[in-house]
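Here it is: the structure, laid out below.
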Amino acid sequence: MLSLEGVTKSYGAVAALRGVDLDLYPGEAHALVGENGAGKSTLVKILAGVHEPDGGSFRIAGQPVRLASPAAARDAGIAVIYQEPTLFPDLSVAENIFMGRQPLAGLRRIDKARMREESRALFARLGVPLDPDRPARGLSIADQQLVEIAKAMSLDARVLVMDEPTAALSGVEVERLFAVARSLRDSGAAVLFISHRFDEVFSLCQRITVMRDGAWVSSDATSELTVEAVVRRMVGRDVSTLFPKQDTEVRDTVLEVRGLTRRGVFEDVSFDVRGGEIVALAGLVGAGRSEVVRAVFGVDRYDDGEVRVGGQPLPGANPGAAMAAGLALVPEDRRQQGLVMELSVERNMTLTRRWGLSRAGLLTGGAERRTAADWAKRLQVKTSALTAPVSTLSGGNQQKVVLAKWLSTDPKVLIVDEPTRGIDVGTKAEVHRLLSQLAGEGMAVVMVSSELPEVLGMADRVLVMHEGRLVDEIQRDRADEESVMLAATGQKGVSA
Amino acid sequence: MSLSAPPALPATVSKQDSLLHRAFVARELGIVVALVALLAVTTAKNSRFLETQSIQDLLLGASILVILAIGQTCVVITKNVDLSVGSVLGLVAFAVGKFFVTWPHANLLVALVIGLGMGLACGVVNGALIAVAKVPALVITLGTLYVFRGLDYSWASGQQINAADMPASFLRLGTRTLLGVPVLAIVAVVVLVAAGIVLRSYRSGRELYAIGSDATAARLSGIPVSRRVFAAFAVSGALAGLAGVMYAARFGTIDASAGNGIELQVVAAAVVGGVAIVGGSGSVWGAALGALLLTTIGSSLSVLQITPFWQQAINGALILAAIGLDRLLALRLASSLRGGRPHGA
Amino acid sequence: MAPDRTGTLRRSLLTWDVAVVVVLAVVIAVASGSVDSFASQRNWGFLLLDLVPIALIALPMTLVVITGEIDLSVASTLGLVSAAAGKMWADTTLPLTLIVVLCVLLGALLGAVNGVFVTRFGLPSLAVTIGTLALYRGLAFVVLGDRAVADFPTGWTDGAVGFLPGTRIPWVVLPLLALVLVFALVLHATPVGRALYAMGNSTDAATFAGIDVARTKMWLYVVIGAVSGVAGVFWTFRYASARADNGNGLELQVVAGVLLGGVSIFGGRGGLLGVVAGVLLLGTLRNALQLDNVSADALTVVTGGLLIVSVLLPNAAAWLRSTTAQRSRRAGANPVTPASSANPA
Amino acid sequence: DSGSSASSGSGGSAAAAPAGSAAASTDTGSSAASSGGSSAAASTGSDASGSAAAGGTTADYKTGLKIAFLPKQVNNPYFTVADGGGKAAVAELKGTYKETGPSDASASSQVSYINTLSQQGENVIATSANDPNAICGALKQAKSAGAKIVTYDSDTTPSCRDVFINQATPQGLADVEIKMMSDEIGGKGKIAILSATPNATNQNAWIALMKADLKKPENSGMQLVTVAYGNDDDQTSFQKTQGLLQSYPDLKGIISPTTVGIAAAARYLSGSKYKGKVQLTGLGTPNQMRQFVKDGTVKEFALWDPAQLGYLAAYAGAALASGTITGKQGESFSAGKLGSRTIGADGVVILGPPTVFQASNIDQFKF
């Protein structure tokens, strides 16, 4: 029904897709898997008409098509749930679902009653009691995702594309979503499903396409594949070699977090981190890990609790003070929080050290250039020039810039939030090696990660969060996939 | 805790019921209350403030500002701003006067069409520059504010058009009443109702809100963003043109400086009426009420015999109070929306 | 990576700053050749004197706009400060030196009020400063009313327009130059300047880098208020007249100069060299055209046109670059080499 | 001074304090009017036109003088007419005429134009000051660069110019307006004043004089209840009129010494139930008021002819530049068709008494 052949797409210097083939058939659910940055979302955007491919052919029902806009894709019967929810915060949920194609009554007026009823019906099918009249502002990520799903469902599309729709959902909601997807599939629609959760992939899909570094690797029937085989194809090598954390001598406690609470987000979070160890914060997306580390660093305020660094209490909501005390946070959203995309590599790298590099309050440029060049070399940042805007760098190199920016402050405690999200295989290994090395030098490292293998491979201790609470602490030797997932899904009480 | 506890589902749907609507009503109601209070205080001081004649005058005084505020609302909702409306008004008003000077017996409708057409043309210039070339509206309309006014000045070159130069039938439009309601106010109300309905109940109207709320999401939803923004500026221009015709009819005396500086009042009216300058929310009803409130303040200050020096200061304070109040309401709304549903996961 | 290097070189040579400087040089050269008495020292003295208040306020305005905010109330601040100076001089026995100090403090206070609204309450600076634009001007009239206080000691009033010994260049140019230097250093060569660019591009990223965005902006508003206060004092003495309407409309000229200087209204981009050149360009162009007997109307059109061009041109350039890049990529058949396989497999 | 009308009986008094115009008192730019072009038109003062014909030889004057007019604001119709008068005079004098100026009525922009004119080596700068002090410094510099300075309509501090052409004395204007009002309401009842901006110096000077007039025994029947300000903005003036009538139900008359105000007030009255019951007078232009005089809303109002003001300013400037006069009290010069004029105290030359326009004579005036 829908077929792509040899599709290529570049963002400036980054080749996001380099010859991808994909065939979707009616009545079949097709999974697309691949590492972060493999190009899955880019492929989705091409299907959605957001981007036009640079090359390759695109056919629907055998006819070559050109989707110049999202509206064109929609009219061609393609419904898309994007990875990042794209809602209108000021508009009601019902309007969000039907924007651009609201049901009309006489005189082409929008039929609000019908819109509301249809939204209710959609939510009923999904089993969530969302009020169609409330504004989208303030919806949790999960609810936002549900609105996106309802939106896609309402299209009655021939092709349903879902880019990690379940990342923010709990088991119950995932099951409902799957029920809906299956019924769509059984009524003859083609489904393209993207997820990092293999259990979901294997339970929903009949066929799996693997991508790596923007290229097509394989497409096979699910029945012929195992999880291990898929992972091997995704990564291209043995997984275990990726995580070279060496055992190091553990030193004194550097960071103490006591009873940290932010109402409605996380509650009573306490933990210690010692020099030389890597502590991982694990949990499902939305468990509140990022919020905890943001509060520790002082970007967010908290209602209750205390943070101490080297025994000294840290004032809340003051990142500057946290930095002075020796804290560093590599945030999860590189583009929004980690980097100033318009500024040069050099300026980004030295942004955290601008006072340290100045003499008598003045920055002469030389010191900045030297520091930046030094770190670029140490982390092997590939860039045309240090004066090039950081936005022209590939994702992995951007991540290295963020790391350089924080490592150059010579922190006592390094907090990294999803340090390897969106970066390629080689860089990932380098980042892991670096973290391990830093811990070896006595730094305390807190790592928030959603990637279980990363957590298991790197962490000396795993702290697991569930719905804003710290529910488990697992030592390295006892940590395995099952124990972490059990705690992360809330199926284990608070352990000793 | 039982195995696989289902996520806590909100038992609070009824509490949240149409919060959006309530916030909307609260905002508009606030202005109405302020308006009523103002009328009450002024009338208490001087009973003749509420006579037919003065109500008529009030409506007449507000109608031009209301028309401009409606156009501005369309633009501001999309997260843009049109600072050139005052200059467009001036240019059109002079053109209409000049038109009657040249063809004293021309049909009134022709003048109206010319005014609307010129305003539209100005709006199209703004819209094309902003939507097609994708440059910031603030800078472009600041530029066209100068350009249109400069054209107006050099065209008029010191000329003034007087009531005697225009047909009495045209001027009568400016003062005439229909069932006790001034014609110009009726025009404003018709435009208001039309714009209100389009913005509330038509796809194109709702899409303006969508664009202002999140332009990227709008693009992903298949909304022709550039075209809609362009249209918003065209509408604002056309309405400024209409306001120019009304200005000519009402004041009868026109020189090139008509409407000079009115843009800030227009933006103020919209902001006071709850149209968020960051786009995505607000209504023409609110903006119209804002315009009415500003006009009423002007009249009552003089009736209350408050020294005129205070008037501008009070206007400024009012704008600050309005955006502050808006922010407060938004925060309230946000916090009441939070916590309703603890966690999706 | 040679081609990339030349690319960056070309980019840095073609920046807007440089373009404005070049245009300025061309205007000066052409005007010197073709406009009588343009190149005279006397004329430059007049020209510079007229530009002092605009240039003065443009300095902090550049910083404010680079952080992504705006301050439209500067001219009203200038007016209120001037009115206060007149009031104090006429109705109290305070020594003039003290009055000057109080005036600058008053300016800082007015700026702080803006700052509180913007940073504490999180309100959009455009709306806030439209409000204070009206409020401060209104208060100026409340303070001084219809009066014009003019009996300042001639030592002060003549001093304000005095020349450097042996020249026709006003001495105030020297402190102005010093301030330009200070602001340029702060913006381009201090940690604070780096922070300003960072927060203008991304508030989030700046916050995560430990920059106290709210406090920095607060201080910027205090500074721009104080500088507007200084400009108000200068204005009062230069024109030997304290009036409530002093500097009316000056904010648009300041903003026009800043934008023409290549500062992005969305923040994060631009520099002081460009702004100084932009202010000078507006001033010299006006002066030259005025000397050439071009009417005020045409000057208005030119100002507006320049503003529009200043945002259109960089955009057009970017558009041209991207289309040529695309074409060359298409033409170059995009050899798909597995670039990232350079990583260890 | 035997003025052409009843009003000027008490004219010609009092030395002129620096005074401005009625019409041009505005900073907003919408003042008095004419539908374009200058109006050589009917002269106001009968004695002026009388003595003019013979004496006014242009022989005493240098030819080829560069005479520049710098109004408060270009594009202001009032000044367009006034400067038109100046243009006619310069043509008679075989000089070079120029009009230039800012499009906003602010002193600071005027300064930059004065500087430009002094650079350009103008022999005469005729200007109407937006601020009596603010443009002083620039004028002095122009003077030292050789230009002769004539102010018209709105004066500066006397030391900054050579001659001021005063359209009328403040006392004369105040007297005319009180007289007209008194005649219209039979000397009894509450009256109000609708002024321009609260900070219009000349307006305030007139209002003060009118208040003094009202204290005189013959005016004791009239009682001034308030002064309202319409900011020389049509809409505001309109609203203020409305406000006045609401605030003071027993109001008998309104005096509006500003052309914008009187026109707006007339328009309000003509469309309201107060028409004919509440009297309106003040300063206005014939073109703007014609319709209201004819429909009975307004009985009479006054003004001078702005074209003559500019005409006289040009002659005074030419006389200064030719060395005929220096600006001292007692010197006289010939002013073309306006005849010979003598400089009064402080270098002030008075144009003549204002004209009172009524239904009977209004059609003779086209400005």
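Letters A, B, C and D mark the chains as written, and numbering starts fresh at 1 in each.
Here is the rule we go by: a contact is a pair of C-beta atoms (placed from the backbone, for glycine too) under 8 Å apart; a residue touches a chain by one contact, two chains touch by 3 or more.
Everything numeric here is computed off the predicted structure, so don't read it as measured data.
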* Using the touch definition from the top, list the chains contacting both subunit A and subunit C. => B
* Which one of the chains is farthest from subunit B, going by Cα centres? -> A
* Asked: Taking contacts as defined above, which has more of them, C-D or B-C?
  -> B-C
* Distance between chain centroids, defined by C-alpha means - subunit C, subunit D (Å) -> 40
* Structure fact -> For the pair subunit A and subunit D, the C-alpha centroid-to-centroid distance in angstrom is 75
* **Rounded Å distance, subunit B centre to subunit C centre (Cα mean)** => 30
* Asked: If you average the Cα atoms of subunit A and of subunit B to get two centres, how far apart are those centres in Å?
  -> 42
* **Of all residues in subunit B, the ones touching two or more other chains** => 150, 153, 157, 307, 309
* Would you please write down the residue numbers of subunit C that are in contact with two or more other chains? => 141, 145, 295-297, 299-300
* To do: Could you check subunit D for residues that touch two or more other chains and list them?
  => 74-75, 103, 198
* What is the complete set of touching chain pairs? -> A-B, A-C, B-C, B-D, C-D
* Structure fact -> subunit B residues touching subunit D in their complex are 46, 48-49, 51, 53-54, 57, 61, 101, 150, 153, 156-165, 175, 251-253, 255-258, 260, 298-299, 302-303, 305, 307-309
* To do: Would you mind writing out the residues of subunit D in touch with subunit C in their complex?
  => 27, 74-75, 98, 100-104, 106-108, 111-113, 115-116, 119-120, 131-137, 157, 197-201, 204
* Can you list the subunit C residues touching subunit D in their complex? -> 36-37, 40, 42-43, 46, 50, 141, 145-148, 150, 157-158, 161, 235, 238-241, 243-249, 286-287, 290-291, 293, 295-297, 299-300
* Sites on subunit A touched by subunit C in the complex -> 8, 10, 15, 18-19, 54-55, 213, 215, 236-237, 297, 299, 318-320, 322-323, 329, 331, 333, 336-343, 347, 350-352, 354-355, 358, 361-365, 384-385, 387-388, 394, 405, 424-427, 429
* What residues on subunit D touch subunit B, complex-wise? -> 28-30, 33-36, 74-77, 79-80, 103, 198, 226, 228-229, 231, 234-236, 238-240, 242-247, 249, 263, 267-268, 271-273, 287-288, 290-291
